[in-house]
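Structure incoming, see below.
Each chain gets a letter, A, B, C, D and E, in the order it is written, and its residues are counted from 1.
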Amino acid sequence: MTPGIEHFLTVGALLFCLGLAISLSKRNAIGVLMGVELMLNAVNLTLITFSRFAASPNPVSGHTFVVFILTVAAAEAAVALALAVAVYRNRETIDVDRLNLLRS
Amino acid sequence: MNGIDVLGPQISVLVAAGVVLVADALFPGQRRLLPFLALAGLLTAALWTTSWVGRGDYQTVFDGTIVLDRYAVFFQYVFAGVTATVILASIDWVNREGRRQSEYYALVLTVCAGLMLLAGARDLITIFIALELSSIPQYILAGWGKDAKSSEAGLKYLLLGAVASSLLLYGMALLYGVTGTTILPEIAAAIEAGGESYRALLVVAMTLLIAGFGFKMAVVPFQMWVPDVYQGAPTPVAAFLSVGSKAAAFAVAIRVFFEALGADFLSSDWSMIFAVIAAVSMTLGNLMAIVQSDIKRMLGYSSVAQAGNFLVGLAAISVAGEEFILGASGILLFVAAYAFTNLGAFVAVIAISQRINSDRIADYAGMWKTSPFLALGLAFCLVSLTGIPPTVGFWAKLYVFNAAVRADLVWLVVIGVLNSVVSAYYYLGVVRVMFLGEPGTEQRFRASPSIAVALTATAAGVLLFGILPMPLMSAARDAVEVLAR
Amino acid sequence: MELSALIFLPAIAAAVILLLPQRMEQQAKWVAFATAVVMFALSIGTFFRFDPDAPGYQFVERRSWVDIGAFNLQYFVGVDGLSLPLVVLTTCLTLASVLVSFSITHRPRAYFACLLILASSVIGVFVSLDLMLFFLFWELELFPMYLLISIWGSGRKEYSATKFVLYTIAGSAFMLVGILVLAFAARTFDMEQLAAAEFRDTLLPLGWVFFLLFVGFAVKLPIVPLHTWLPDAHSDAPTAVSVMLAGVLLKMGGYGIIRLCVTLMPEVAHDWDAWMAGIGAFSVLYGGFITLRQTDVKRLIAYSSVSHMGLVLLGIGALGATGLTGATYQMLAHGLITGLMFVMIGLMYERTHTRDIARLGGLARQMPLIATGMVFAGMASLGLPALAGFIAEVTVFLGAFQQFEWAVLAAITGVVLSAGYILWMLQRVVFGPVRHEWDGLTDQRHWWEHAVVAGLAGLVILLGVYPALLMDVIEPAMTTLAARLQA
Amino acid sequence: MLFLAAEPSAALTPTIDQAVLWAIMGCPLAAWGLIALYLRKLPAIAGYAAILGIGAAMLLSYVTLFNVIDASGGVAQYTREWFTAGDLTVPIGVRVDGLTAVMLVVVTTVAFLVQVYSTGYMQGDPGYGRYFAHMCLFTTSMLGLVLADNLFQMFIFWELVGLCSYLLIGFWFHKPSAAAAAKKAFIVTRIGDLGLLAALLLVWTRAGTFDVTAIQEWAASGEAKSALVTLFALGLFAGAAGKSAQFPLHVWLPDAMEGPTPVSALIHAATMVAAGVYLVARFFPVFEASPDAADVVAWVGAITAILAATMALVQTDLKRVLAYSTVSQLGYMMLSLGALGYVAAIFHLFTHAFFKALLFLGSGSVNHATNTFDMQKMGGLRKHMPVTYWTFVIGSLSLAGIFPLAGFWSKDEILLDAWRHDRALWAIGAVVAFMTAFYMFRAIFLTFHGTYRGGEPVDHHDPDNHFHGDPAHPHESPWAMKAPLLALAIPSIAAGWFAYDHMFKDFIEAALPHEGHHGSSFEIGIAVSSTIIALAGIGTAYVIYIRRWVDSSSIRATFAPFALVFERKYFLDDLYEGLFVRNIFYRGWCRLLETVDRRIVDGVVNGIGQVGRAASSRLRAVQVGEVQSYGLGVAAGVIIIFLAVIVANPL
Amino acid sequence: MEGFGPSLAFWVLSALTLIAAGGVMVSRNLLHAVLFLILTFVGVAGFFVLLSADFIAMAQVIIYVGAIAVLVLFAILLTPRSGRDNGETRWALPGILLAVCLAAIFLFVVHDTAWDTVGDAPAGLDARALGTALLTTWVVPFEIASVLLTAALVGAIMLTRSPEEEAEDALV
């Protein structure tokens, strides 16, 4: 079977939802972050798929978008890990289900 | 008109951020001047913005990805003002906290630049990057405090924010896939040309966009981070969050939903979604605010409820023409009013909380006796949040409700006004504690000059525009008229 | 200019008072007094320069205020035969309130400032001819009231103040929706244009709009079952605030019903007239019965206000010139009488520090002047002829009897009930064996106390024996309105 | 006015100037103002001011009377507009005719004499100034009531006399019984006033006027439905019954004796209580037009007369005997009006005012000497107080209807009218006449005959007691008190000698719009029989209380159930106050409503607040502080929104 | 995308990527999860190549595998005592259910939509075109991205400074 746009999109969607599932279920903050990275990857895959397949006046914008997402992902990861370290310094854990100082 | 000119305000703010960083390194002894450098950058941005006012009112640059119109101008003023107030309100806190100051101010300015860029962004990529430019420094700022609560707030905010922006991105990707472009008017054109057959996909994309923006707006059900982050983050940062990113989210939402997703078969959907979310946000936000004992949490829930009021306007803009103008200008008016009011409240809270070392509402007892100025300012802002004249909050609510009535959303207005009653209960509860409670200590204290300036400015705005709302209203209306064309 | 002066003078005076230095704190009352005197004089002057027979509004000031496309508000004020007497009532009671507050020493600056802002907003409500301006002043009154009750009150003052505010906001929430729908249908907030407009295709059925507005005003009036804020607010408010509350704030409700509900939506008013009359009569009786059970002097008078305000609604329900005139007159009469009553109770409370009827008794011996005043106020309150209340009551009855015989017959039994509770109260508070507990207390003695009591009592008598003074002003306006209603 | 033009037979119109008529009201009013404002603290002058004011009114009243007599009882009316409200126009004016003139004279004369008396009786009372002020105000109101030319104005003064009655009954307000009696009087009469108010509303709505003449004409013309007229008449009568203490609203009057005795003499014997009779007489054509209403009036009057008389039989308090006697006599007058004996009723009102005032003042004089009204503590006062004794006897004889005293003539006319109208009414009237004679002379014998039983010792610890003198050694009252007694004795004897048929009757009848035979002339059979009945009553009293052929206590024992019923006032007070007002109304109905108000009406509102807080607390549980749960919210939101859109607007 | 080669590549890459992502989900050890994550990144990079986005594939490898994964590793190492446990919270089940629902929705719309596709890779999708786009139309985002990275860097440094360094600051 020749893979078409649906196939790539399906992989993207599944990857996205896997990432979402991971970020919703993992206890460790770094695990959650991994889920987020997977979601961003899925978005990237989707964008590149569209760039490749969709009839578009300006197909390069999908690629551009991906470049920025990559950048932002890096920045986000850096900040996330820095925050994780900061939390760890205070609490000696980065398990998000134990981060519940703030609650009503 | 070249790009540099159009982006002058953002550039000057970013330059100020750089200057602050460098100045700190070069002249470590002159730290007390840093905030004023930052303010100078904001002033430059504001002046630059002003320089456009006389000139044309609609310019697109960079192949249509960025637009300069009065809408952007309006928000740039708002963001400059908000940032300036936050900086003024931060001075004491930053001095006390003892951390490096230049970075703090630089990050605040970066956020401001991101917000300003959002106001003019008209392209999904630019919107995304501007949104992140304002968000990522905010995550850092939320975790800026040295205590565990602040770090926790920062991490929570970041993780949820990342999930939300992933959802937003996926929605944008789908939108791009259907239309083949990222530029808003082109998206609209593509949808007009035959988008109805893609309705399912568009609805999914729209839903994801609502989730992404809804997170920033802090509306139900994307609001749950709000109270935790407000409570944990340093109070000046919470103030910034409550006003800045919320306003920006609405600024961009009006553009995206009206300019890109304005097709009839979509607008009827999203306006109903916004209406329902508005009703739920107001109700839940207010209900949950009632029992809060921490003033920052209370303000957090109240900001959820207020976001519901903004959304009333957003629900009313589905039809082009006068309805759109009323609804959108209502949101803008509300943004400005809310900026004055909520910032004023937060400034007072910053000053009081630092002094009494507590955020508990019960500890605000007798504030009227220990610090009449702060108590009066806070009370006045709370009255404005309730929507009682002569405050700007009254006009904002009135205007938005008026727009909703004209959009045939009477049921939403009924819910909205009834929610005002609930909100009066807890806002006035704070006033009651401050004015009637017996203070723990009889010792009077005064606000620092910077706080005094910030509070006076915001409270004066609340009062002045409460009596003469006309300039603000016409500014808001002028701002949205360009979109309606 | 007169009307603007009446609105803004107290506001400016309030600002001046707030800016007084600490050491001149006790002088605040003099500023307030001077302001109140000037206001009173100004309103009296306006009253006598008013031409009752000229059609339309007089002393009109109209300038654009907010003009944004379809959101078009004006600063539009003016008076007619309905509002002018109420304005005079307000200034008069403001003066009385300032005078009875002369002994306030706790934060006098804030107190008098609040009082003046309250007066300013109430006058604003009465003279506004733009719906939004009306609504603005309506809401504006809340904050000073809240502070006045919650800071200078007694008892469960915070609860009462909050209850007052929440009730009013809830009512005005309904009102706001109604106003917006109406204004949208007519594309204006201008009451003159609204009155001339024909409402077709409103967003809500016009009957619902009427109901929304009515609820807002009924809370203020107050009408059973929306009345329970009143006893609490009254019993815990300081004297002057009780005077203002009973004297003028309740009247905002009646005024609103006439000015908005009835004037703007005559057809709906016709559909609902029997309900209004019925509810009015019911309020009269219900209030009367419950008043009989009260053991707190102020709560007693508060519930009696519920009963008396029912008459206003009964008169309005008749939708005739006589009934409407009677209702207006009843508002004025009740304002003066209940104002006087609260002044007397306040003077008594200031001395005895109790409002519990069981603890009082025989005060006529220790405080003959206060007792006389209370008996006078009580007699006026139970509708004794030759006093203002009687004229009002009878006019209302006469106006409504033609259409709603049974409602009126029910309501007149309220006359007996009012005699019952007033006399019961007088018997236990003023008369009866002397209680030596109160032996050391002084009678009314300060000049301001004398002035307030004599002034209000004089007005009550004046309106009772020379009703034409006000009737001639009210009646042409009401006749015009009634003619519109019949059309 | 309109009517007068259409009736040439009453061509003569009194020429009296309206300023005089207003001045009649104005003089006592001026006295009141003077006393209330300036003379409260100057008792000596206050009394004289009152005497002066009322005296002037009295003189003017006589002037008016003679003027009206000159005009053969024609009607003069001066009306102007008072205020208008829409369709409603309320007039204000004065009207003078025969009825008015007679009433004016009665009121001012009695009032004047009572003021004179009061200067002696009230000597030393701390409320001396207040007393005269109230009295002046009362006189003003009463005169205003009499002079009023329209129902609205009448209603005003009607209520004002009620106020004065209230203030004067409660004059010694420190006595709980006085305060309670005042309240009772006001409320009970107000219940009657409801009827009057309803009648006022009815007549304005249906006839469109308040004017007395116009209403008389309206009722007589037959243009209104008779049921309407009956309703109107009954409304009027309800008001009259309240004021004139007719059954079942009579319960306030005996209690009203808590007031100072001159007050009882003026208000609760001579004037105010007669206002009800005056009102019914004023609107006599209305009752003529409605036989049903007239029958009600007659029978209520009859029942009142006999009930009150039976209660008077067993009283031991001198003043209460007089009070019940007053109720009984008022019933008599109502009986007469109901039997269409218009002139007789007014004539009896006229004579009764004098002798009943005389009797009350006499009882006050006794009290002045003995510090009590309890007849069981008196006796033998004839020797000590001859003037009081003899005037009291004159009054009693007149009341009993002994020829040729005033009461004989008027009572006789009433019995005659009753005889002609309905024999049952006459029979009741006769029984009452017997009882009247009996209880009056029982009172005289107990009070003035036999031996003195010591009076009531003075309680010197009571600061409110101002009794001076020694009850153990009673003495005659001062001249200020004796003179009015003597003065009142004259009309008590002679007031009946006006040539009834030729003068009083025509004069009074001229006040009605239609000439007619309202009342009848003397008839010897009735006169003789009634005299015999009265003498029998006196004789019975003599036999029991002087000769003591029968022991009074054994009579009481024989008729114990009756005596109990009489003494307990037919249990009406217990029924009204104890059962109805206190238990059913106050503790039942009002309490129920109050509970509803507090628990339900207010409770719902507070409940909403509590529900809000409870909901808030529940919702708080959602916010657990764990970031994943927040993320779940976001994801769930996306799904819900999508599904909602799809469901609401299917693809 | 004709031919057997690309089809085979697609299916292999799909299997690799999704299984690797599943591995992130099920790994109990955080370090194993990182390794699976890197594998996923590589798989996605393969997709990019398959979709004629060579430059992006390279960037993906450099940034994700080279930078982000390394960052994650550092973070894990910097938080030694928090354990290497990659377990689930008590919210795992509802989270997974919601993700499944969302996946169902996405798959539904992806397959429901009648895509308007082109057969061959459109022209001008090379690195040059990308560079031109980045420096003309999207030059602002491009510049902003650098600012963003700088800000993130500054922030990250500030947040991770040790208390001793903080104390030094206070002295200056």
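To be clear about the criterion, a contact is a pair of C-beta atoms (placed from the backbone, for glycine too) under 8 Å apart; a residue touches a chain by one contact, two chains touch by 3 or more.
None of these values were measured; they are calculated from a predicted model.
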Exercise for review: Walk from chain B over to chain C along touching chains and report the minimum step count.
Suggested key: 1
Review point. Tell me, which chains sit next to both chain B and chain E?
Key: A, D
Revision key, fill the gap. The chains touching both chain A and chain D are B, E
Point to revise | Chain at maximum distance from chain C, centres defined as averaged CA atoms | key: E
Exercise for review: Tell me, please, which chain's centre (mean of its C-alpha atoms) is farthest from the centre of chain D?
Suggested key: E
Point to revise | Highest-count interface - the chain pair sharing the most C-beta contacts | key: A-E
Revision key, fill the gap. One chain's C-alpha mean falls closest to the whole-protein C-alpha mean, and that chain is C
Practice item. Quick one: report the Å distance separating chain B from chain D, using the average Cα coordinate of each chain. Key: 77
Study note, to complete from the structure: Averaging C-alpha coordinates per chain, one finds the centres of chain D and chain E separated by a number of Å equal to 102
Exercise for review: Would you mind pulling out the distance in Å between where the CA atoms of chain C average out and where those of chain E do?
Suggested key: 70
**Study point:** Whole-Å gap between the CA centroids of chain A and chain C
**Key:** 64
**Study point:** Residues of chain E touching at least two other chains
**Key:** 89, 91, 94-95, 98-99, 102, 105-106, 110, 112, 137-138, 141, 145, 148, 151-152, 155-156, 159
Point to revise | Numbers and ranges of chain C residues touching at least 2 other chains | key: none
Check your understanding: Which parts of chain D, given as residue numbers and ranges, touch two or more other chains?
Key -> 620, 623, 625-629, 631-632, 635-636, 638, 642, 651
Revision key, fill the gap. A full list of chain pairs that touch reads A-B, A-D, A-E, B-C, B-D, B-E, C-D, D-E
Check your understanding: Across the complex, what residues on chain E touch chain B?
Key -> 105-106, 108-110, 112-114, 136-141, 144-145, 147-148, 151-152, 154-156, 158-159, 166, 169-170, 172
Practice item. Using the touch rule from the top, collect the residues of chain A that touch chain B in their complex. Key: 9, 16, 19-20, 23-24, 29, 32-33, 35-36, 39-40, 42-43, 46-47, 49-50, 54-59, 61-62, 64-65, 68-69, 72, 75-76, 79-80, 82-84, 86-87, 89-91, 94, 96, 99, 101-104
Check your understanding: What residues of chain C sit close enough to touch chain D in their complex?
Key -> 163, 167, 224-225, 227-228, 286, 289-290, 292-293, 320-326, 329, 362, 364-365, 375, 379, 384-386, 390-391, 394-395, 397-399, 401-402, 408-409, 412-413, 415-416, 419-420, 423-424, 426-427, 430-434, 467-468, 471-472, 474-475, 478-479, 482
**Study point:** Partner chain E, residues of chain D touching it in the complex
**Key:** 626, 628-629, 631-632, 635-636, 638-639, 642, 651
Review point. Within the complex, which stretch of chain B touches chain D?
Key: 155-156, 159-160, 163-164, 167, 199-200, 203-204, 207-208, 210-211, 214-215, 220-222, 224-225, 227-228, 268-269, 272-273, 276, 284, 287-291, 422, 425
